[in-house]
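Next up, some structures in structure tokens.
Below, chain A partners chain B and then partners chain C, in two separate complexes.
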Partner chain A sequence: MKNLFRNCMYQEKNLYRDKTFVFWSLIYPLIMAIFFYTAFNGIMNIELEKIDIGIGAENPIGFILEEIELLNVHKISEDKANEKLENEEIQGFIDNDLDLLVLKSGVNQTVIKEILDQIKQIGKLNVPIENFDFTVDYIQSTNQRADAIIIIFYALIAMVSTYGIFPGIETVSLIQANLTNVGKRINITPLKKKDFLLAGVIVSLTLNLLSNVVLLIFVKYLLKIELFTEIKYSTLFITIGNLFGVALGILIGSSNKQSINVKTLLGITITLVLSFFSGMMSPDIKILLDRKLPMIGKLNPISIITDNLYRINLLENTQYAMKGIMILGVYCIILILVSYGFLRRKTYDSI
Partner chain B sequence: MTVYKYFIKVALKNKGVILSYTFIFFILSIINGSTNVQRETSFMEAKLNIGIVDNSSSEISNSLVDYLGKKNNIISTKPDEKYIKEQIFLQTADAVIIIPEDFEERVINKESAIQLYNDNRNIGSHQVQNQINKFISFANATYENGEFDLSNVNSALDEGIKVDLIKTDNNINQKVNTWFKFYFNFTSYIILAIYISVIGFVMTDFTDEQVENRRKISSIRFLKFNREMYLGQLTIASIITVIFILGSIVLKGKYIGEVHFTKYVVNTVIFSFAALCLVFLINNITNNKFIISGVSTVLSLGTSFISGVMVPQEFLGEKVLTIAKFFPTYYFVKINEMEIHSFLDVKYEIFMQLLFAFAFLLMGLYISRARQRV
Partner chain C sequence: MVVKVKNLVKRYKELIALEHFNMEVEEGEILGLLGPNGCGKTTAINCILSLLSFDKGEIEIFGKKMTPNSYDIKKQIGVVPQEVSVFDNLTVRENIDYFCGLYIEDKNLRKQYVEEAIDFVGLKDYVKFHPKKLSGGLKRRLNIACGIAHKPKLIFLDEPTVAVDAQSRNFILDGIKKLNEEGSTIIYTTHYLEEAEMLCKRIVIMDNGKNLVSGTNEELKAMITTTEKIVVGFSTIDGTQVQEIGKIPHVIDIEKREEDYVIKFENGLNNLSNLLEFIKKNNLTYTKLYSQLPTLNDVFLELTGKELRD
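Let's turn to the complex of A and B:
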């Protein structure tokens, strides 16, 4: 126990002094969060925008159109219509014969068309006007905010939670005699590699969790984005993400003889690609993959964390949580077992 | 040309970086390009994605589903509230409706008859509400002797007004132009990221202290060494830029006549030059691989986010854009977004990119001189 504590302390100091770790785990996520915030803040707070339409002064249905809540009616002369449409000041111009003039096809233009269609259709139906009752609302609606863009923040947190990968790589390099001088020294001492590795895992997890907490505090209190409403499962996913990261780091560190820089780069690339697929650069990519190749999202560890984080916190949906945790758990076990295969019973004739 | 040869050789050792960026970029461009880019000749109604769960399966509900299907794209959904809410949240559906078993009764009694899930800030979902309310009101208006006259309702709903597109005097196909805009905007991110990491990595190998010492005692002149090295940089940079320009021709070559293609090419070449000068500056500031990989990721992603590569410039805040103006990417994106008649329309933006290029060069030269004196 005392040994473990001492090992932990040394490794913690070692990591703390390592610029790579401090940059990638602590500073880089904050920089990314600021970028995301600056770029997406405008899109996250959209409001329903009314549609600007133009009509001639003599338009026979002008008074009806002015009653419609969705529309902003501007009275303009017909010869200015083209210019205003091209500058997108108005999205449709209705002439006195109720024909519609637009610059391009789109949702707003279709909404205008539907409204005008209705007036024509009522005439065509040919039933007495008193039969119509437009005061009844036949729809009971449930509002659900559509906020796919917020996924990028969850994907960022998911990615950063796997950044235990860097201390993982570092720790495992320290016990390999063919890679580092410390490794040589440790190998000739009675110190057990197993204990040293265990201490490394504990330290990696703790430090990375701490840097995650820093990011979460930053997002919540400085950027003022409310991401977490549920604590239990969210913590569980972030923790298991950390464990996965450390395990992957140990595998990357133990499976090849590349320099630590190359290994770090490999770690960054793997996590960046996986986060990219889980929607970190744009939620459209995640949605597209879910539609065309749904298996990728179900197996990609960062997608599993991202998807569960938004489901738990924004949709109050925990039905996929246990399955996600189990898949991630299996990944961790496989990674650790394979790394164990690489690390066990290593002896060197000469170095 | 020993230096040049080895420069290229070392650069190609980093092909992993080039290939991984290029691969992801092209996969995305192909997926993104699979949508229809034909020129718009007449007005097309915008179809929304809606999901329908019909528990009633009565004549009137079937008729409603048919009508909505004609006006929208019906996507698959499940009678599970959690699933539906996720579809709305992810914007895969603009609206999802549930038709209850006693639909017909509710319609006749003028009660609320449809359960609808939507985001009420989405203007499209209001259109779906209008369509539903209209259909049911029309059906109710024809209700007589215990029966709806659905064929009359349907034929009335087929009626529509005339919509004309205004004639503009330019020859640009807007849909395919959007694709080119997206493609070339995104190219700036990829070009900057690859340039900084690949050329940066090679330069760290060349400015390594031991290599430097060997060069100093060798017979090769400093000027010649530098010239060959910069020629190497230019070669690698050109290859990368040409790959992406050619990529656009391979993917959408038959449409280049319908957009201002020379604008995109010239703009990309100028931007590449500015990016190369930026790399020159970075290489003079540091030769630490760790810092270079950090700068490559942060600078390329960062400038892309604030300059409107990932999100259109109109959504970005005033302050963000002010910061963005200190990077060439901002002017590059601006040119791509503009509709121009001649290059005179964008002379300011081109000038700014070149100005940045020279500023980076001068700063790089200054730092390199200052270092040599030490």
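Let's turn to the complex of A and C:
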């Protein structure tokens, strides 16, 4: 136990003084968060400007349209409507027969059409339009939210939770005599490989979880994005994501004799590809995959974490959470067993 | 016997790295494993330490079979690998403390050993430095400190002076002598024959994965025919006169080395006076003349037909 503590302490020092590790596990996620926030925040927070519309002087719903805050109503003659439409002074013209005239299609034209259709529909219900209270919201509000930027942040958190991959690679390199000089030295000391590895896993998990906490604090308090309502399952998914990352790092580290830089690059590539498939760069990719190859989404560990963080926090649906945790757990067991196969050898054919 | 290696064979596919290599190390001695680069010294050490698998042979350390799981044996061994093998992001003191702690559990004793090791390698002024801030020589000293801080009974030093400045080299060699005086048995691999001659009580000469001969410095030199070398720089001498030198009693070979002639003699008396008499008789003048005893390089040359420095 004392030995385990010493190993943890020194491995933690060695790892956290490594600039590459600090960049990938701490700085890079923050850069990504800022990037996503800057890139997507503008898209998601479009402020609708007032839409200029023209109506005929005798338009029967003119008084209703004038009540709608979104619209700037101009009473004009039908003759002048075409000219104003061409000059884009108005986006649409509603004549006295409630026909809509537009010169092009777009968001504003769609909004005008929707408003007009709704008024017409109410009229057909034979409810006197004067009696209709437009201030009443007939949709019951719940705490269910939907915001594309939040989904992208869940994907980011899922990705960085697997960044235990980097300390995993580092730890296993330090215990392999055919990979590093330190590995050679450690292999001729009385320290057992499994003790060093256990300390490495503990340190990797702790440091990566700390990095995740830093990211979450940054997102919550600096970017002011509220991500978590269900703490228990969210913590569980982030933790198992970390364990998956460490286990994958150990496998990458132990399975081949490439340099640590090549292995790190491999780790980055794997996490980026899995994140890409889970919709981090564009939700359309995820939608396309879910439609054409749904199995990829179901098996992709980063997708599993992203989907479940979304479900449990935004939709308050924990129905699939245990299934997700179990799949990730099975992944971890498989990765650890395969790594064990590579690591159990005691002597090397060449160094 | 502290170490016993019998008929060790190690192959890398077609290449034979060790061919029936044998070695015995007695308690308290410094054994030199001498040979040119690539002759199999490090491979032999790695096999003995159970880092490398081998095809045939037996290895015993402290009378027990050495295996990768021989943790009780490993506890008594210290290794200074050829490459500097320390953590890049730990300081000098942290590195020594980490490796010492793998052997010594008692905190106070470890602290004392770490300080002694720091003093021993002369790194007191650098304890808070990270290895990348140290010069090559200082890194080598740290490498040594990490291998010997726990005061092992048996120490393997694999070419610890490679690429080291003269000052650090002398420091390291003096330190090794001191370790031996304190009771450690040392196995020292090197391709520098001067180091082996100066340091080792017994020497094993290796080439192409085989141990050619072993013995003390004197025993090895007694195995060869050359017993004396006289180096002469003549002002002028013609080819016939050089041939005539070959007729002087006990001369076995004359070698031209740059401007000088190296005349090798087999066992015999008055070699120098015989040569001086020849010079006088032939009215030759010389710019330099001195006698040398054979070196380990001569032993290697006679055994393999090539220089150790090649």
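We take it that the second predicted complex is superposed on the first by the 245 of 351 C-alpha atoms of A that agree within 3 Å, B and C clash if a C-alpha of one lies under 4 Å from a C-alpha of the other, contacts with A are read in each partner's own complex, and residues count from 1 in each chain.
Going forward, a contact is a pair of C-beta atoms (placed from the backbone, for glycine too) under 8 Å apart; a residue touches a chain by one contact, two chains touch by 3 or more.
Since the model is a prediction, treat every value here as computed from it, not as a measurement.
Comparing chain C and chain B on the residues of chain A they touch gives the larger count to B. In the superposed model, A:Ile157 makes contact with neither chain B nor chain C. Of the two partner chains placed by the overlay, only chain C lies in contact with A:Asn187; chain B stays clear of it. Touch criterion not met for A:Leu248: it reaches neither chain B nor chain C. Look at A:Ser350: by the touch rule set out above, it reaches chain C but stays clear of chain B. In the superposed pair of complexes, A:Leu65 makes contact with neither chain B nor chain C.
Of the two partner chains placed by the overlay, only chain C lies in contact with A:Lys2; chain B stays clear of it.
Residue contacts after overlaying the shared chain place A:Leu205 against neither chain B nor chain C. With both structures placed on the common chain, the touch criterion links A:Phe23 to chain B but leaves chain C unconnected.
Of the residues of chain A, not a single one touches chain B in one of the two structures and chain C in the other. The touching residues of chain A, counted against chain C in their complex, run 2-3, 6, 10, 13-15, 17-18, 177, 180-182, 184-192, 346-351. Residues 12, 46, 49-53, 67-69, 71-72, 74-75, 77, 79, 81, 83-90, 94, 98-99, 101-103, 105, 130, 146-147 of chain C are the ones that touch chain A when the two sit in their complex.
Note for the complex: chain B touches chain A at residues 20, 24, 28, 31, 40, 43-46, 48, 82, 84-86, 88-92, 106-107, 110-124, 126-127, 129-134, 136-138, 140-142, 152-153, 155-157, 159-166, 168, 174, 289-290, 293-294, 297-298, 301-302, 305-306, 310-311, 315-317, 320.
Taken together, the chain A residues at the contact with chain B in this complex read 19-20, 23-24, 28, 31-32, 35-36, 38-43, 46-49, 51, 70, 81-82, 85-86, 98-111, 113-118, 120-122, 124-127, 131-134, 136-148, 151, 261, 264-265, 268-269, 272-273, 276, 281-283, 285, 287-288, 290-292, 310-311, 314-315, 317, 319.
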